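In the two complexes that follow, chain A is the common piece, with chain B as its partner first and chain C second.
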Partner chain A sequence: MFEFIQNLFKTTFSIHLRPPGARDESGLLAACIKCGRCMEVCPYQSIFLAPYSQWSLYGTPLIDPLKKPCYLCMKCPEVCPTGALKPVTKEKAGMGIAGIIETTCLSYQETICNLCYRHCPLKGKAITLDEDLSPVIINEGCVGCGVCFYICPTQPRSISLKTGRK
Partner chain B sequence: MSEEDWKGNIDSRKMSRRRFIKGTTAAGVALTLVGIDPNSGTFKAAFAKGASKPEKWFLSVCPYCGVGCGVEVGVASGKVVAVKGMKDHPVNKGRLCILGKNLVDILYTNDRALYPMTRRGERFNRIGWNEATDRVANQLKQTIDRYGPNSVAMYISASEYNEEYYIYNKFVKGCLGTNNLESSARLCWASGVVGLVKAFGADAPPCAYDDVEKADLFFMTGYNVYSSKPVFFRRIIKAKYRNNTKLIVVDPRNTNTADFADRHLRIKPGTDVILHNTLANILIQEKLINEREARQLTENYDAFKQHVKKFTAAMASEATGLSVTEIVETARDIGRAKAGLFLWGQGLNQSNIGTRKVTSLLNIVFITGNIGKPGAGPMAITGQTGAMGLREVGGLPHLLPGFRKVTDDKARDEIAKIWGVDPNRMDSANGKTLPAILEGIDKGQIKALWIIHSNPAATFPDSNWVRKVLSKTEFLVVQDCYHPTETSKYAHLILPGAQWSEKAGILTNSERGLNLVEQAVMPPGEAKPDLEIVMDVAKKMGFSQQFPYNNTEEIFEEYKRCCQGRPCDISGITYNRLRIDKGIQWPVPALDHQGTKRRFLDKKFPKGKLRLNLHEHQEAAEVPDKNYPILLMTGLVFGQYHSRTRTSKVPALNRAVSEAFAEINPSDARKYRLWDGEMVKVSSKRGTVTVRAKVTDSVMAGTVFLPYHFAYLAGKDKAINSLTNRAFDEFSQQPEYKACAVKIERT
Partner chain C sequence: MKLNKNRHHYQPYRRAIQATVLLLMIAIPFLNLLKIDVVQGTLCSIGTMTINIITCPVGAIQTFLTTRHVDLLLLLSASFFVVLAFVFGRIFCSWICVQHVFSEMGDKIRNVLGRNKGCQPDSPKRYRRGRKILLYFLGGSLFAAFITGIPVICYICPIGAICRLFINGTYLHKIGGEIIVLAIILIAEISIARRGWCKYLCPVGALYGVCSHSRSLKVRRNPDSCVGCGKCVEVCPMGEAPLHGRIGKTCTNCAICVDSCTTGALKLSFRKSLNSDQESKL
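== the complex of A and B ==
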């Protein structure tokens, strides 16, 4: 029961990701000049700037994977003027890490879903399938873009997402 | 407290401890109510939100693809509240894919058609059933009196039940006296079926799903089965891992299915005939086949041997873009396999030489002797649930019930006797296919069209032209369970039909297995089961004698008489038997007969011997040129189904693919300076769409892939089929969706 409530919290409450290639939290806060260029260039409109209510983060870029995840097009680091977002490849985006909650994941309940595997921007490198076609996260490969978290069809989500660099 | 409120609380980080505890308790209670067991945290069944526990469970079949998974429908106080996989069903054994799991959502939507409507200008006004059926009957009668019976046509869906096809067939071919009864199977498996008929001499899917476990080679070509038939694919993969079965995938795209392949042949689009003939040639040259057996099985082996002689590995390598080793090794794999299962899909069918591609694949099956033994043969799994039943009942312009042909005088007499109609009333010429019907409307030959549960304005190629034609139709009746659809906008009259679980019938799946679908709930509003609507109209036209039925079981009993002594003999089947023997496979000639799992085990074929069809390769009808340098292929994505009339209503599915996209190769993206995620304009000679670019190496350079699910309801410039070409296969009249020339521009 406790575990379930814990999972519920992990999946229902929005967590905020930093855009791909971001420095660690203190480095980003020091380097970011809050120009909003990353937000403007994002073709999916995933990035928003932290509102005033989050006063310590105010103006810095965030991604809410419950509303729109990062599809790893890697456009934002290229336009960052101060290097708060470092230009890196998709595989080194380092936004966080996802985990599968096997107790609610449909693929572990005799349903063929695998939407997370099919739509992973790092197809095959971050999520693989075991012999039962159930998804398994590869910890070394997952960058925490949040796509699987966003599209997971169960309610609450069967994917947990931890933010921050590994 | 709703989930949204919760998020807001956490976002603003203003939650006190007291409110936090309150929220947790509320969540626990709420989740228990919606059917999640908090102790184990598992879903007991896919309960609808806020619904109570099901009081009664009904037998049913998933209405999506042709695999035919058994489902149980849970009903509480007259509403479907839950769906679960049928544990004792031989096809899926309790498993479902995500489309089947979310079936409840498709029933209760805001855009269900609830009552008959007539169009005045742009607006639709509600009318009564009596007025509606009167109008259809009078209009059809007037049109037939003035222009003859062939000025009327009916276009039905291939996702309906055998009884419904039977009634439509009897009404159109028996009562109206025209053979213009066409179905959406034309867009889906026409070439595959014509290929089977050309090779076997009769429409005959010989295999069973159980062959998957017995095979030691899967040869899949043009078939993304992981996305289109996920439950069946799981079985394939399980068998592959358990028996170490080899999986060869031929596909120009790096599909999800190809990820699992032992060998993926990334063939140049459209060159399948060359590959198949070359494989046959190598098999013969390297003596990997039993020639004596091949001569016994087939009627023209030596001519075929001579025909494929010129297809050398070197020549094929140049044409298909594969390496010589790849081709030769593939041929050796096929030759070494004791039992090979050959599967194909729309990659072969939806082409201007679709039938040639299919028959050239069947040639390989026949010369390697992969027929009439467990684990071997050609497996044809249709895209729509009712497509096999449609062929049995003859819901196509050239067929009559029991695989009879309309051109056969004896067959017409037999059927007319059962139907109780005058055989002279029936037309002796083949009816019009869908392309011919639409062209007929354009030229003024067809005056009235009745569309049942189909959406040609979204699914037919060159949809700008189709919309123009539909708006020109003198009398267009659209019978559908949803309104608006792309097609229903042009209707003069909308008749509200029932959909899955709101009507009863029998469905035949792609392994010839029959399944009962029970009516679980009443249709919403004034909607009626579709065959009742057609029968009402027929009675008003003066054919009450021919339609004396009280329920679908009586219709089935009459249909059974049409099948006696035919290949699809189902004399041993009753509704009650199907409640126990789920998925029993025809022929079932007697009540104590256990069904026929595999056909042709005795190697006795409809025409004595099998035929090897000799075909040459031909270019697509439209090839990329200077102005339109890119080849467009359309196809499906997992989680959506056909024109999205159903799946667009399921929120869980639409998060994954919410908008149309174009898969573009990175080298092309560089050439056109495109970035992943940008909007891009794709245009052909016929139309333009603006979609999101998805830069991926899963497509080849010089090709682009668009999902065909999106049409005008998704947005004015999102109709993918406004690009595709109106070119058709010469034998099957199936449109070519897999090849047309387009150009890409930045927006």
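== the complex of A and C ==
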């Protein structure tokens, strides 16, 4: 019984991103009325609402890039009734920023792997390949959608993901 | 079965609408999951495609207070239920609200347990106190939202909790902590106060109650055909006393009293007939 109650409140996620176009953290907490429209409209089911265990964030939309990253389809900001998510273009989604950990990244270890480059929704703007075919993140272009983090084959991930607006 | 001509039968229609809304709240997440998104949303916010048609007015007011900015589109979509309340009273509560369904279930359980036996209508003093608690709770939580910058009512609102329960169940196959909030409210309504949430605390209902001050659709009593049997007082879950002409702002226009009236003295009507009671001051 006790375990059942614990499980109700337990959700495991490492990093949580906000959906694209979100206001800054306090602005989002102020404007979000926890209606779940963004969750319903998300075609990839990336967005989930924070459970009661995250009581200070309860009901606000989160994305766990370990389970499902954001593919930047930009449907959720359009349906938000209160403007907690603001309609913006992909390039201005501002969810966070990714970085490559070169000590574990396969491409930097004499192996050819460019999964992060191939899956990036902003290919060429957020990630490019240098002359050794190793991925390089462009800080100005990366919006932190978490796709590269999700797809990275190494364990632990060779991508560091920071949340928050730049 | 021969129906009594004098009796009204609103309850089947009300139940049908309640069931439809509840089924919609369960079905919409499923349909959205199957990429049929003509209608989206929960009772907090309903819309098609990218247009918001209805937004919860309490949520909208809180957002105005917390962000210190009034969005006109949001105001427009939030005014739907408010306009409804101005004309039809608190029909959102009794005909649409999903929490109301569960509250009525709690009431049924109370009946089974025999806790509603010999239920007296609230005395005017108690009635006034109940209204005061309701309004102070609405005002207090809106003030708290303004101070803290967080829409606090949404944390505890059971209407949103039920809708989120359905979304989480559909999308994540998981039951969240919302069920604990609902269980607390249900147990409190069964054990402490009859329909306590709707009557004393619900901020959404309180807002519609304020708006329904001069509603046109109202339960009206014709004293000439009333025989004073007191059935309406017995059945009213909100502690109103239609027999004594007290049909105030807590009335949700659920028409249970109208259905219970054997002589047809109570009517749910838009127009004030000549021989109906004086307007209640409460």
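Just so it is clear, the second predicted complex is superposed on the first by the 153 of 166 C-alpha atoms of A that agree within 3 Å, B and C clash if a C-alpha of one lies under 4 Å from a C-alpha of the other, contacts with A are read in each partner's own complex, and residues count from 1 in each chain.
The rule is short, and it goes like this: contacts are C-beta pairs under 8 Å (C-beta built on N, C-alpha and C of every residue); 3 or more make two chains touch, one makes a residue touch a chain.
The structure presented is a predicted model; accordingly, all values stated were derived computationally and were not measured.
Novice: Mind checking chain B and chain C on superposed chain A, clash or fit?
Specialist: Taken together on chain A, chain C would fit alongside chain B, as the superposition shows.
Novice: Kindly classify A:48 by the partners it touches after superposition: chain B alone (first), chain C alone (second), both, or neither?
Specialist: second
Novice: When the two structures are laid over each other on chain A, which of chain B and chain C touches more residues of chain A?
Specialist: Result: the larger residue contact count on chain A belongs to B.
Novice: Looking at A:40, would you say it contacts chain B, chain C, both, or neither? Reply first, second, both or neither.
Specialist: After superposing on A, A:40 lies in contact with chain C but is clear of chain B.
Novice: With both complexes overlaid on chain A, does A:83 touch chain B (first), chain C (second), both or neither?
Specialist: Second partner only.
Novice: Just checking: does A:32 make contact with chain B only, chain C only, both, or neither of them? Give me first, second, both or neither.
Specialist: Once the two structures are laid over each other on A, A:32 reaches chain C alone.
Novice: In the overlay, answer first, second, both or neither for which of chain B and chain C A:119 touches.
Specialist: The answer is first: A:119 touches chain B but not chain C.
Novice: Have a look at where A:59 lands relative to chain B and chain C in the superposition and call it first, second, both or neither.
Specialist: The answer is second: A:59 touches chain C but not chain B.
Novice: Considering only C-alpha atoms, give the closest distance between chain B and chain C in the superposition, rounded to the nearest Å.
Specialist: 7
Novice: Which chain A residues are contacted by chain C in one complex and by chain B in the other?
Specialist: Looking at chain A, the two contact sets intersect at 8, 43, 53.
Novice: Going by the contact rule set out above, which residues of chain A touch chain B in the complex?
Specialist: Chain A residues touching chain B: 1, 3-5, 7-8, 12-14, 42-44, 53-54, 66, 71, 73-75, 103-104, 106, 109-115, 118-119, 123-124, 131-133, 150-151, 153-155.
Novice: Any idea which chain A residues touch chain C in the complex?
Specialist: Those in contact with chain C are residues 8-9, 26-27, 29-37, 39-41, 43, 45, 48-49, 51-53, 58-59, 78-79, 81-83.
Novice: Which part of chain C faces chain A closely enough to touch in the complex?
Specialist: 28-29, 32-33, 35, 37, 40-42, 44-45, 47, 50, 52, 55-56, 59-60, 62-63, 66-67, 71, 74, 77, 149-151, 154-155, 160, 163-164, 167-168, 171-172, 175-180
Novice: Could you please specify the touching residues of chain B with respect to chain A in the complex?
Specialist: 3, 6-7, 10-13, 24, 27-28, 31, 36, 38-43, 85, 94-98, 101-102, 227, 230-231, 233-234, 237-238, 241, 256, 259, 638-639, 652-653, 655-656, 675-679, 692
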